[in-house]
Amino acid sequence: MRVYVPQLTKLAKPGQFVHVRCSSGLDPLLRRPISLHGIDYGKGTISLLYQVVGTGTRLLAEMAPGDEIDVMGPLGKGFTVPDGIKKALVVGGGIGVAPLFPLIHSLKHYGIQQTVLLGARSADFIIGREQLELLGVKVKIATDDGSLGYKGFVTRLAEDEISGGTPDYFFACGPNPMLKGLISLTKGFGLSGQVSLEEYMGCGVGACLACVCKSKAAAGREPDDSAEGFEYKKVCVDGPVFEASEVILDD
Amino acid sequence: MRVYVPQLTKLAKPGQFVHVRCSSGLDPLLRRPISLHGIDYGKGTISLLYQVVGTGTRLLAEMAPGDEIDVMGPLGKGFTVPDGIKKALVVGGGIGVAPLFPLIHSLKHYGIQQTVLLGARSADFIIGREQLELLGVKVKIATDDGSLGYKGFVTRLAEDEISGGTPDYFFACGPNPMLKGLISLTKGFGLSGQVSLEEYMGCGVGACLACVCKSKAAAGREPDDSAEGFEYKKVCVDGPVFEASEVILDD
Amino acid sequence: MTKPADNLTDKPADNLTDNPADNLAVKPAVKPAVNLGVNLGGLQMKNPVTTASGTFGFGPEYAPYVDLNRLGAITVKGTTLEPRKGNPTPRIAETPAGILNCIGLQNPGVDHFIAEDLPYLRNYDTPVIVNIAGNSLDDYAEVTRRLSGAQGVSALEVNISCPNVKQGGMVFGTDCLMAAEVIRVVRENTKLPLIAKLSPNVTDIVEIAGRVAEAGADALALINTLLGMKIDIRTRKPFLGNTMGGLSGPAIRPVAVRMVWQTARAVRLPILGMGGIMNAEDAIEFILAGAAAVAVGTANFVNPGAAMDIIAGIEQYMKDNGVTDVNDLVGAAWK
Amino acid sequence: MTKPADNLTDKPADNLTDNPADNLAVKPAVKPAVNLGVNLGGLQMKNPVTTASGTFGFGPEYAPYVDLNRLGAITVKGTTLEPRKGNPTPRIAETPAGILNCIGLQNPGVDHFIAEDLPYLRNYDTPVIVNIAGNSLDDYAEVTRRLSGAQGVSALEVNISCPNVKQGGMVFGTDCLMAAEVIRVVRENTKLPLIAKLSPNVTDIVEIAGRVAEAGADALALINTLLGMKIDIRTRKPFLGNTMGGLSGPAIRPVAVRMVWQTARAVRLPILGMGGIMNAEDAIEFILAGAAAVAVGTANFVNPGAAMDIIAGIEQYMKDNGVTDVNDLVGAAWK
């Protein structure tokens, strides 16, 4: 879906998201967070890539070209490309590739080498491979059922890449188990990186405290926090992109 | 709106209605009662004529040809044409003309003479005049603002017709004040007839008792009823068409 | 806390679904026949789905849309000793994902029900739950006696919770001692399975549930409607003929599920859960929260075949998830 | 029963809208300037619209969408003596026309609020209502004292009704005597306008309202969320991190309007009405039921400009209907 929102596009950064109203009525009531998948600064459009999972995304899919849509954004903190990195590993699981596209464009723009790993249940759920290859990006695939590429988890591919020793930074977005695996893996190798998280959202602007994730407590916080060893951060404004070393993912 | 529902059409009678689901979601939740406006036994279609007043009718209006719609029906008791009537007066107020069309066709079919009176706020709300004239039916118009026909209430036109002495029966559908006026008027002249009522509905099948109207208590009912002089009847199954002499309309 | 075994069905064999697919000799995967039968405080139901009182008339109204023989039970409109006219109109108003009603227990009286409506229901092989209400303890006692003597009444659901009538109704339902009194009086006058239907308009549903359990109820039905109202900003007056009404439909489901959950964990009686059940998923939510059976109310207005769809959907869910006995799902979210 | 005149604003002149159209010398019809100003138990508001605590953060979050200067007041997230972490996730779930939340009063503590958040709010010409909660009477007393000494706090809204915390919270809110105790303690420690925020999860809202009025509240806020829950039928476990949550949004509006109506007729305190207000029509419904002011909660999530639209819509309704003072609409459905 491509949306013409020049004011929004002007400000948009890779990794940010928009909060989308899927119905003008009450069903569903809440907005849906959807990542910026494409940002066309010239045309003033953003594009959204989403998987139909429930009522909200189904209604989005039923929209016709030319329909108006109510989006808030751009919201959240996006990816930042640290100075000095030379070769990045980009890992996307399932629909998690959506926000990685603008990042991949940025990395290319900055002349940073990258390998993109895509993981999904099966070949049908691998998204964007062709576009990435057209872009001249190295892509490797893993599917749970082996219907495309390596049969197994994308984290295994990541392990190979990292132990191969090439990447000096990583970026990832995907389901929590994948991110969890990746975080412990990269920690083992001492590789830093950024991950983009998902959480159920209310406001999208930091006002309701619905979307929190656990973050390692900063030093010198009050006893309550350090006792449990974490503080809650808001995915919508402190994230969705966090330093991998900072987040704590339960199960 | 024309709907292809052969099983329903087979059973349909003038004055009956269908209970229409306007959304597949929860907004709005309840079905909407809409009268049969046209019954094409040959094609197996019914047509509905409705005024957009709220969420439900707005969603109906947004439907595209070929869309599926969930209708229950035909429901309720329609008009009956008593034996021996020769000249009927048919009175429709506003969107109340909708259910009168199939009746007018029937009356014509039975060779009963008829005069149709249409009333509305203004010319814009007068519906179906041309079709009726094409059918060769005598039509008279009243509008509140005088933008078409007589300036004033349609009940005044009715009074003229009745005092002119021609009709020996009447049929009416429209807002309650119009029906109330008409009932007291015709009572004065000893003219019998039938009126079609509206009430907020839940089930449409007589199960929830939401849609009741006051009806003169039948003789020999238990004291509670006769004390207050009325019993509640269900518009959805005992009506929507009632004998004019039977109903009690509170303002 | 678990339920005593004798509240669960002990006759699963009678309640096998007769889906021919289950009887095939060779099956692609092990698909056991599923037991949908439940026992609601002595009332044996072939599946856990009944209708919510007041939304299904006396049965015939929905017969064109529902095979009454397939229902677990039919719960009929609330019945009182004397006929009741009910409230002035409008009696129904739509609200977000819900409806307000103020029918006011319009009904033809218990004798009329026994003489005119019950015979029809005897044609079906489905238990009939009669919902009763009264203005006084004597009323409740007398209605109970008359129904207990009538052929074809399988259980009584005692409405101590209707918000739409001036006397009795919610006063009984929101006061623990009064609620227990009503149940005690009904218990003294019947051997039929006795289901106490509770009002959600209370601070502590568990306390009331405990009291009516002690007073002799065999099962609990919850929830009745939440007391609500709507004002017409055009006329600047209350919209409903009776000012306030009872809120039902999907809007109240989270409250209903919560009350079923709280009560099921604390009180050892089977629960008939209801409040906003629109489809099988919703019904299963109540069962997982602790309801042994469920009632379909407002959903009938939206989809007249809702009860049928829900029975089929529960069966499908069980098959998809390898659950052989619906009783294993009851309270599974906390057991 | 009517309200004493001193609860109504006596400074209408300060509160004229400055719509230039109203000042034209020649007008097609008599269009009087309308007064939107209300007095909520001593808190003077330029219009009757504030934000519902917990849905609007501490102000800056919605500043890109809402002109904070145009609000009648800003009500901030619930504050406690110590910082609170809140509950595990998921903290929010969607339900039909509503949401369940179990944030659990996550907040940085009153001192942090005073030092870090309040200075920002002092930039605006809008009164700040601080919502407070506590585990014990001592907590309430101490939070009250610290806030009463802070510059820029215009009123205290005392949450005796949060269903999402284990200690305190709803226990206070559903027990009349405890509720009154909390209010008494807060009253002893502040001269600020004191708004008691009541729980709807009670049998008799009027009784609690009466008690907290006697205990010294200047106004009543109702309603907080209805206690509800949702079960995930896939995992067969409660969906929310804290099992139960508070139901808000349009689904609960009929219950909220009913409680405002009942309370306004019985208790002589101005009411801050809330619960499912999505637009101006809904807000007017609460005002007609008896609310002197209204709070916009869940609607902010759906439409971040909701509060602005509601202020404009109330003004428009008044002009369309020839109402010159919004106070004339308060309780107009029964007065």
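Going in written order, the chains are labelled A, B, C and D, and every chain counts its residues from 1.
In this section, a residue touches a chain if its C-beta (ideal position, glycine included) is under 8 Å from a C-beta of that chain, and two chains touch if they have at least 3 such contacts.
This is a predicted model, so every value here is computed, not measured.
Among the other chains, the CA centroid farthest from that of subunit D is the one of B. Inter-chain spacing, taken between the CA centroids of subunit C and subunit D, is 36 Å.
Look at where the CA atoms of subunit A average out and do the same for subunit B: the two points lie 58 Å apart. In subunit A, the residues that reach two or more other chains under the touch definition are 26-27. Contacts with at least two other chains are made by residues 96-98, 249-250 of subunit D.
Under the stated contact rule, the graph of chain-to-chain touches is complete, every pair of chains being in contact.
Taken together, the subunit C residues at the contact with subunit B in this complex read 54-57, 61-62, 64-65, 77, 82-83, 85-86, 88-94, 96-99, 101, 103, 106, 109, 249-250, 278, 298, 300-304.
Residues 26-27 of subunit B are the ones touching subunit D in the complex.
Listed in rising order, the residues of subunit B touching subunit C in the complex are 21, 26-31, 72, 199-213, 222, 224-225, 228, 231-232, 237, 250.
On subunit B, the positions that touch subunit A within their shared complex are 23, 25-27, 55. The touching residues of subunit C, counted against subunit A in their complex, run 96-97.
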